[in-house]
Every structure is written in structure tokens, then in C-alpha cells.
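Each of the next two complexes has chain A plus one more chain, namely chain B in the first and chain C in the second.
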Partner chain A sequence: MALARYIGRKVAWTLVVFVVALLLNFLLPRLIPGNPVDTIVGQLAQGGGAGGEQLQQIHEQYMKEFGLDKPMWQQFFIYVGNVFQGDLGTSFAQYPASVNTLIAQALPWSIAIMLPAIIVGWIVGNLLGAVAAFKGGWLDRGAFIGSLFLSSVPPFALAIILLFLVAVKGGILPVGGAYSFGLTPEFSLAFFGDAITYWWLPFWSLVLVYIGGQAVGMRSMAIYELGSDYVNYNRGLGVKEGHTVRYIFRNAMLPQFTGLALSIAALITGGLITELVFSYPGLGSLLFAAIGQNDYPVISAITLLITIAVLIANLAADILTGFIDPRIRAVQSGER
Partner chain B sequence: MGTLVNAENIRGVYYTEGKDVVAVNDVSIKIEEGEVLGLAGESGSGKTTLGSIISLIARPPLHVEEGTLEIDGQVQELGGHAKIPRTWRGAVVSMLPQGAMNSISPTKRIRQLVYDVMRSHESKISKEEALDRARERLTTLGLPARVLDAYPHQLSGGMKQRTVTIISTLLNPRLLVADEPTSALDVTSQKILIEMLLEMLEKRIMSGVIFVTHDLPVLRTAANRIAVMYQGKIVELGPTEIVVERPEHPYTQALMSSVLAPEPAYANTRIEGMSSFDRSLFDAPAVFH
Partner chain C sequence: MSLRGLSPRFWVAAVLVAFVVLVGLIGPLIVSTNPDATVGGLYEEPRCCGPLILGADNEGQSVISNLVYGTRTSLIIGLVAGLIGTAIGLLVGLVAGYRGGWIDDVLSAIVNVGLAIPVLVIIILVSVSLPKRNLYTLALVIGFTAWFWVARAVRAQSSSIRTREHIDVAKLSGAGFWSILRRDVLPYLLSYVVMACILQISGAILFESTLSMLGLGASNTTSLGTMLYWAIQWGSVRTGAWWAFVPPTFMLTLIVFSLLLLQSSLNEVFNPRLRRGRAARKKAVKEGTELGTPIEAGDAGPVGTEGILESPVSAGRDR
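On to the complex of A and B.
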């Protein structure tokens, strides 16, 4: 019962944040100076072939088509209505492609890099930090300095270094893109074998940074727990170290879950920029192009996706922390 | 009634940067079968250090340079790099920690700790059997069996301290070293805890208790004998009434006169201040009644 109430509260808060995020997602791209139709019509005028009056007509036509002639609040409600029907709109810059199609093409590439990076980075980072704290000595010093270095490098900088060393100088892996020229994405072993050579570098640039950050956090938490009273008491009772280690891990894990949720936004942003470095055809490249062209629907759609991902991650972390720590559950549901 | 524990020539030193601090200086002490031995003294006198050496949990920066512990004819070397078997802890000598508040991991239920303690010593024990035994012990000593299902934060301070006391003695240790077990409790809870300890002793759950505390009134009710420590040495040792009412060592006299609710003999005397280290106290010969 307490748990259900705890989860209910968390879900309700997530929904409130989602509504606010939806409004900001709509508003922020539209606050960028300039008008997408001006850009499109400007390009037409440069190409020649259309007179002033025709351009005027095309301009009005586009304004109407995109709904930009309506007041902002009406646009917002149309946008919200469409979003809830799963329609993210039509791209301005790549007219008449629908945003859904563009995202569907880009999203799998981004997920393919980021999801494994988050999972592998979190697990390896925490294990490394915990082992370093237990073993101490040279292993600890080496792991700590290495992790500290990795966690303070921005992913895109590491991406550039890896790109230069492994792809440009070493020539071991391809320089950019997601698959070889001439292939089309399909579910076949041959395509997978090709695509994975392009996948390694962006993946490593993310996962290394992430392992570093997690290891540094876990190490200090584990060292702190090692000195706590319950570890001493367990020792005094002759409890096997193997059992006590589980107590320590569980307690040290708590802030790591919260940290995971908090850092997921940073990891996604880092991933988007890393995609640019490797010209990887994911959301990052799509977003970057869209910002350059004032393509409101695409920008809004991608930021909305990121918002949802971050919100879900936070919700999941909150619920997991509640499961692991009875005190948090008790405080949140108002029980003891 | 024979001797239960014979601890001899214990020397405990804190290796700190700059200089080494000798906290326990060549102390020998015997605990008789069935008795509560009070270990009193001011902060820094070495009583907690002696307690943790005897309960076999000394760890850096504390180093045991010398000492042996004899229980039931078995002699365990404590000094240097002596290997102390893990199973001695908890089953032969057990500890009751100072302030039980943080002694149980906040994210584990009591029953998990109970099970882990039992199976660390009896690898074949089933979870049911371990919990059954704990349940029986709890009810014998007047605690509800449902504390097993609680998390530490769900228990009150007094309840938590009593629960920890029971966990400490689950394996029927020969000796229990209780380090300031009553310090964080109100007077009522203190009384209940001491009565419980005495009941456990009577039931032979453990055969002897070392009660480390600076709280002299508590020792007066709980201890059969009292050892007074000062500057890493035992300066006076004897039956409770004698040490409390007719102490002979100047430090013990000063300590007794500083109790706020003094013995009648001191009720009308002026409280003398004490410097932190008094050479004359240190040089005075130890008194063993």
C-alpha cells in the first residue's frame, strides 16, 4: 500500500513536469529570431524563376500550411492535440517529409549508441569503483586517477581524440557515417557486420567518459560505507565478508541511482554532439540541421523525446530508490 | 566459579602520524564465570580500546603489540600479526556496540542480519531455522518477534539497543563486551537493558560481561566488580561496593567525587577540579582489592 502510494505520487509529479516541458518545448524554438518560411522563400528567390508577387503568394501559402498565421496560443493547442495523436507535424525544411518519418530514421541510430553506453558504463563504472575501494593500494590509485581523467573529458573531445588516433592516423576503423556507401539499412548479418565498425568509436567515446564518472562516485561512496558502524558490528559478530559486502553495495548504490537519472540528460546531450563528430545519422545530426534551418517541428519533436527520456529515467530511478531504501519510501508515503 | 577469561599483558598502540599513542599499557585482567566486570574511566583512559582488543575487533590505526586471551583453556595470541579465527568473533567473544543506532545497515531488515550472523557460523543452517531460533530468543527475553521484520529506522532507540543485544548474543558467546550500551538511552531504557543483560547472564546465554562505561551510577547497579582505568592502566580493581564507597587510589577517589549524584560519603565534600594529566595520580601505586 505504502509502495503504491509512493509510486502514485512520483507518477503524478512526472506528469506535471511533462506538461511544463511540453510548453517549453513548443515555445523555445519559436523564440529563435527569424521565420522558417522566410528562409524557404529566400532560397526560392535566390534560385530565380519566381517574381515578387509569386513569392508573396508562396509565402502566404506556406504560412497557412504550417499554421504560422494563427496566434501563438492557437498554434500551441493544435500542436498539443497533434502530439497526443502521435503526429509530430511536418518538417519545414525538408517539406513535405513528416517529422515522424525523420525521427523514425534517426532514432534507432541514437539508441544503438546511447543505450549500451549507459548500461555498460553504469555497471562497469560501479564495479570498478567498488573494487578499487575494497582493494585499495595501487589498483585504487590507478583506477581513481584514470576515472577522474576520463570523467573530466567532455565526450565530444574524447570523440575527436579517438577519431584522430584510431580512424585518421591508425586507419583501423572508418572515419564517419553509420554504414558503408552503397548499402541500405536492413536486418542482415552482412549489414550488421558493416555497421558495427562504424559504431565502435562513438560508443567508446561515450562509454569511457561514463565509466569514469560512475567509478569516481562509487569509490567514494564505498569508502564511506566501509568505515560505517554496521560494517564494524558485522565484523565483531564474525559475519563473513561476502555477506557484508552486499550490505555495503546496497547502501553505496543509492546515490548512484539518483546520479544515473541526473546524468542521463548530460549523457544524451553528449551523445548528440558525439554524433556530429562522427557524422552519425542519429538525432544529434538531425537536431543540428534543424536548428540551422529554424525547423520548429523537428526541434520540438527531438527536445520532446529527450524530455520524455529524462523524465522516465528520473521516475524509474525514484521508484528503484524507493525499493532499495525503506527510509525514502517511509518519508515519501508519510508512514514509518 | 572459575575464571572465564584471562587477558594478559595487553598493549594497544595507535600508530598515528608523528607519534604513537599508547592507549592500553600492559594491562592484565581476569573475568570470573558469571560476573559483570565494569570498566570505568574518563574519555581517553583506554577503556574502549581495551574493550575492542578483547572483543577481537582491533584494526588500524590501533595495533595490538602484545597480549594473549585465554578462554576455556584455549589461548589466543593477540599481538603482532596473530591470526584470529573469524569464528571466534560472535561465537566466543561478542561485542555490543556503542550506540546501536547505526549498527544495523539502514536498508536491511533485522532478519537479514540475524540470518547472516547465524549462517556465517553454521554454514548449513536454513533461513527458517535461524529465524526460529532468533524468534524464540526474542520472546524469552520479552521482545515481540515482529522486530525481525522491521527495518532499523522503525525501532525506537531502546528497542533497537535491546534488539542489538540479542543479536550480539545469538550464538551464545562466552563473553560479551558491551561498550557504552546505555549511553544513548533514557533512564528507563537503561534500566530495562541492564535488567535484560543480567537476565541473560542468569540464563547462561553468555557467561560473563565486560561493561565499558563512564557512567558510574549505571555500573553501581550492574557490575559485580569494577576496574578503573587511567592513562592506559588499571589503577584500581575490586568489588563494586569497595571501589565505589571506599576507593583507595587517588584517581578513583577523584572520579567518584565528581559524580553528580554522589555516594553519601561524598555528598558534602567539595568537588575538586582535575587536570587532564596528573603526574601524582599516574605515579600512585595501583590498588587491587
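On to the complex of A and C.
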């Protein structure tokens, strides 16, 4: 029962945050002085990308889509309605194309490098951190300085250096993009074999940074646990080290588990730039192109998508922590 | 705190930070070349002595000159944004944690919402909406959006201090709300605030470079991020013009790494429990100082624990 209440509270909270995120996504573009559609279409005209008649058409389309002739609160509901119907609008820069199509093309590539990086990085990083903390000595010193360095290297810096050394100088892996010229994305072994050579470098540059961050966190947790009373008590009782380590590991694990969800935001941020460096055709490259062209619907769709991904990850971690750690349930349901 | 207690790690970090600050402060005075002047050809190779010691970038501008001015810009943005973020976070956290009640509820709700939405998303949305972007608007945007985790950490600590006896003594002696906050609560958090500020600065520098690489950088100033933006835009990595992208990458890494190293070594100084149990105890016994450490550390339980639980994780997270 306590668990159900705990989950219910977390779900409600996530919904509140989601509404705030929607509000931000809706309000901020409207803070541009004047009518956003006029401003944006004006910028399009300055860029010389589109002719007069086309501009007129674009203008009308957006006035209708944003509902700019209506009062603000109605506009918001139009926006929310569209989002909930899965309609993210129409791209400014690639005019007739819908944002949904653009996102659908980019999203799988982003997921393909980020999801494995998160899973592999989290597991390896935590193991490394725990072992380093427990063994101590040169292993700890080496692993700690190494991890600290990796975690504080900006992800894109590692990406740039890897790209230069491995692909440009070494010629071992292809330089950029996601698959060889002339191929089209399809579910076949040949395409997969080709795409994976392009996948390695972005994956490694993300996962190395992530391993570093997790290892540093886990090491601190484990060292903190190593000095706690129950460990000393166990030592005094002569309990086998291996037995104590299990407790240490489980206690140190919990914050890391919540950290997994929170670090996803950082990983996505790093991933966006990593894609840029490798010209990987994911959300990062799409966002970059959209910013360059003032393609507001695309930008706002991507920011919304990132927010949703992070919110879902947080919620999942909260719920799972509730299952794993009975203390959290007890505290949450006892409080307020 | 005596200087002897500082670890070698601290000194390494301090020297690195000092080096970066020197590059940003004195570099522009030594390298007199205007970073916007064309002094060479497209990606001209480095040659000894003069403005082309690190070659030229895609516009034929001197890379070394861009590098020192860019370092200065990045440091200014980091400092301004970091200080603003820490100040807001500190104020909100102190008031929420010490006051409690409905003020705490409201402020905590705001902070939790802010923490749940990725900072970069807010920064991108605000920067896109800004009609003009320069160095200081960028710093302001980053400072005003990236303070939530500071507020949460400070709140956790100040609410634990609220129940201590010396606060009651201060209240009985008639001290006002702000006076208690300043003189009876803040000193307990000061070490933590210093560390949070360092993290904020390095985070802000990273945000700036991320934004610049996405094309949302300051339009009129060179920063390390804008250098990388142009290097990637013009395919310098692909053509092998390493002098265009290695210096800014190296500089950014150095800045962020040295700041994080500084933070983590300070953390070990301020949180004795983070030090390796055996080694620290042996050291304490040998030096004949700090014999009271275990008891004191136990006494400082709530604050110390919160600091440990919050800082190492959020250090990795906040970016």
C-alpha cells in the first residue's frame, strides 16, 4: 500500500513537471519581441531561402498553426492539444516537411549510441569504482585519477581527439556520418555491418566519459561506507571481508541508482555535441541545423523530447528505488 | 586550516588553475595580435615565432591570439555565471532550509521542478529567444538557470543546522532572521559553498562551450567554444588541421579538469570522512594532531553526510 502511494506521488509529480516543461516550451518562443511568426519569416526572407509567394504561404500556415489570432491561454491549449496528438508542427526551414518525420529519422541514431553507452558505462563504471575503493593502493590511485580525468574531459573534447587520432590519422574507422555513401538504412546484415563501423567512435567517446563519472561517484560512496560503523563492527567481530563487501556494495549502490537517472540529462547533452563532431545524423545534428536556420518548431520539439526522456528516466529510477530500498518507501509515506 | 593538511592533489590542482588564470589574464597582453585580424591563409600551418606560432584558423586569424582571448572569455563567463548561480542557490537554499514551513514547500517545489528539467533545455530555449547574444547575456542566462542543485544541497544542510542548540541561543539573544542566517548558519556551510561555486564555474564554462558549438554562442566575442564551432564547421578535424582544434580542446579540458580536481581535493580537506580511513588515521596519529577527528566527524554527522552524498554525484551530474 505504501508502495502504491509512493508511486502515485511520483507519477503525479512527474506530470506537474511535464506541464511546467510544456509551459516553458510554449512561452519562451513567444517572448521574442513582436509576433514570432513575423520575426521568423522575416529572418527567412533575409536569408533569401524562400520566394515571396512561398513566404506568404508559410506565414499563413504558421499563423493558423500557432493560433496567433487567439488569446494566449487558447494558444496554449492548441499547443498542448497538438503535442498530445503527437503532432509537433511543421518545420520552418524544410517547409512542407513535418517535424515528426524529421525527428523520426534522427531519433533512432541517437538512441543507438546513447542507450548502450548508458547501460555499459553505468555497469563498468560502478564496478571499477567499487573495486578501486576496496582494493586501495595503486589501483585506486590510478583508477581515481584516470576516472576523474575522463569524467572531467568534456565529452566533445574526447570525441574530437578520438576522431582525429583513430579515424583521420589512424584511418582505422570511417571519419564521419552513420553509414557508407550509397547505402540506404534498412534491416539487413550488410547495412548493419557497415553502420557499426561508424557507430564505434561516437559510442566510445560517450561511454568512456560516462564510466569515469560513475566510477568517481561510486568510489566516494564506497569509501564513505568503508569508514562507517557497521563495517568497523563487522571487522571487530571477525566477519569475513567478502561478506562485509556485499553490504558495502549494496549500500553504496543506492545513490548511484538514483544517479543513473539524473546523469542521463548530462549524457544526452554530451551526446548531442558528440553527434555533431562525428556528423552522426541524430538529434544533435538535427538540433544544430535547426538552430542555424532558426527552425523554431524543430528546436522546441527536440527540447521537449529531451525533457520527456529525462522525466521518464527519473520516474523509472524513483519507482525502481522504491522497490529496492524499503527505507525510501517508509520515509516517503511517513513524511507529510 | 593549516597548509600542511593540504594534499599534493590540491597543489597540483592549484597550480593548474593558476596557469589557466594567468593565460586568460596575461596572455592577451603578451600576444598583442588582434584575434579578429587576418594574419595568414586558410589553415596556414604553424611556424615558429610570431602570431602564427599555432597556425591560422579558417579565416586566417591567429590561433594563439584567439586562444588566449577565448580563454579569457570562457573564464569571465564561468566566473560571472558561476557566482550568480551559487548566490541564487545559496540564498534560496538557506531561506528554504532555515525558515521551513510553507516557504520551504514552495521553494523546494520550484527547485525540484527546475532539477527535473534538463538545464541545457532551458538554456537553449532562452538563448534561442534572445534577440541578441553577447558574452554577458550568455553568462546571465547560464547563471540564472543553473542554480537548482546548489539550492537543494544548501537547503538539506541548513535545515539540519536549524535544529541545533546554538540557533536557539542566538534566537534567545534576540538576533534577527538575516543575522542568524549570516552568522549562525552560513559559516557551517561555507566550505560546501566554496566547493559548489567551483563546480558551478566549471559547469558554466562547459555550458558555454556546448552552446557555442551548437551555434548559440556569443556573436561578437571569441570563446573556446566558438573556436571549436568554426573548427568543426570548416572540417578542420577531417582535413587534419590539428592546430585549429587541439588548442581550444586542450584548454577547455585543462580548465574543467583542474577545477574538478581542486573541488575534489578541497572536499577531502573539508570532509575528513572522505579520506581513506586507515591512511588518514595513521597520518593523524603520526602528526599528533587531529586526534579529536573521529568524534568531531561523528558530531558533524548530518552536514558531513549530506555533503558527501550530494557533492560527488552532483559533480558528475550537473553537466
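In this section, the second predicted complex is superposed on the first by the 275 of 336 C-alpha atoms of A that agree within 3 Å, B and C clash if a C-alpha of one lies under 4 Å from a C-alpha of the other, contacts with A are read in each partner's own complex, and residues count from 1 in each chain.
Everything below uses one rule, namely that contacts are C-beta pairs under 8 Å (C-beta built on N, C-alpha and C of every residue); 3 or more make two chains touch, one makes a residue touch a chain.
Since the structure is predicted, the reported quantities are computational estimates derived from the model, not experimental observations.
Undergrad: For A:N314, select first, second, both or neither according to whether it touches chain B, chain C, the two together, or no partner.
TA: second
Undergrad: In the overlay, answer first, second, both or neither for which of chain B and chain C A:I291 touches.
TA: second
Undergrad: Quick one: is A:Y233 in contact with chain B, with chain C, with both, or with neither? Answer first, second, both or neither.
TA: Once the two structures are laid over each other on A, A:Y233 reaches chain B alone.
Undergrad: Using the superposition on chain A described above, determine whether A:F149 touches chain B (first), chain C (second), both, or neither.
TA: Touch status of A:F149: second partner only.
Undergrad: Tell me the contact category for A:L24 with respect to chain B and chain C: first, second, both or neither.
TA: second
Undergrad: For the overlaid complexes, name the partner, chain B or chain C, with more touching residues on chain A.
TA: C
Undergrad: Just checking: does A:Y247 make contact with chain B only, chain C only, both, or neither of them? Give me first, second, both or neither.
TA: Touch partner of A:Y247: chain B, not chain C.
Undergrad: Identify the partner contact of A:G322: answer first if only chain B is touched, second if only chain C is, both if each is, neither if none is.
TA: Neither: A:G322 stays clear of chain B and chain C.
Undergrad: Given the touch rule stated above, what does A:P174 touch, chain B (first), chain C (second), both, or neither?
TA: The answer is neither, since A:P174 touches no partner chain.
Undergrad: State whether A:G271 touches chain B only (first), chain C only (second), both chains, or neither.
TA: In the superposition, A:G271 touches no partner, neither chain B nor chain C.
Undergrad: Which parts of chain A are in contact with chain B and also with chain C?
TA: none
Undergrad: Can you check the complex and tell me which residues of chain B touch chain A?
TA: Residues 55-57, 86-91, 94-95, 97, 99, 101-108, 113, 116-117, 119-121, 151, 153-154, 164, 167-168, 171.
Undergrad: Per the contact definition, I'd like the list of chain A residues that touch chain C in the complex.
TA: Residue list for chain A touching chain C: 13-14, 16-17, 20-21, 24-25, 28-29, 31-33, 136, 148-149, 151-154, 156-157, 160-161, 163-164, 168-169, 175-176, 213-214, 216-217, 220-221, 223-224, 226-227, 255-256, 259, 262-263, 265-266, 268-270, 272-273, 276-277, 287-288, 291-292, 294, 296, 299-300, 303, 306-307, 310-311, 314.
Undergrad: Once bound in the complex, which stretches of chain A touch chain B?
TA: Going through chain A, the ones touching chain B are 228-230, 232-240, 243-244, 247, 250-251, 254, 324-327, 330, 336.
Undergrad: Taking the complex as given, what residues does chain C use to touch chain A?
TA: 112-113, 116-122, 124-126, 128-129, 131, 202, 206, 209-210, 213-216, 228, 232, 237-238, 240, 242, 245-246, 249, 252-253, 256-257, 259-261, 264, 273-274, 276-277, 308-309, 312-319
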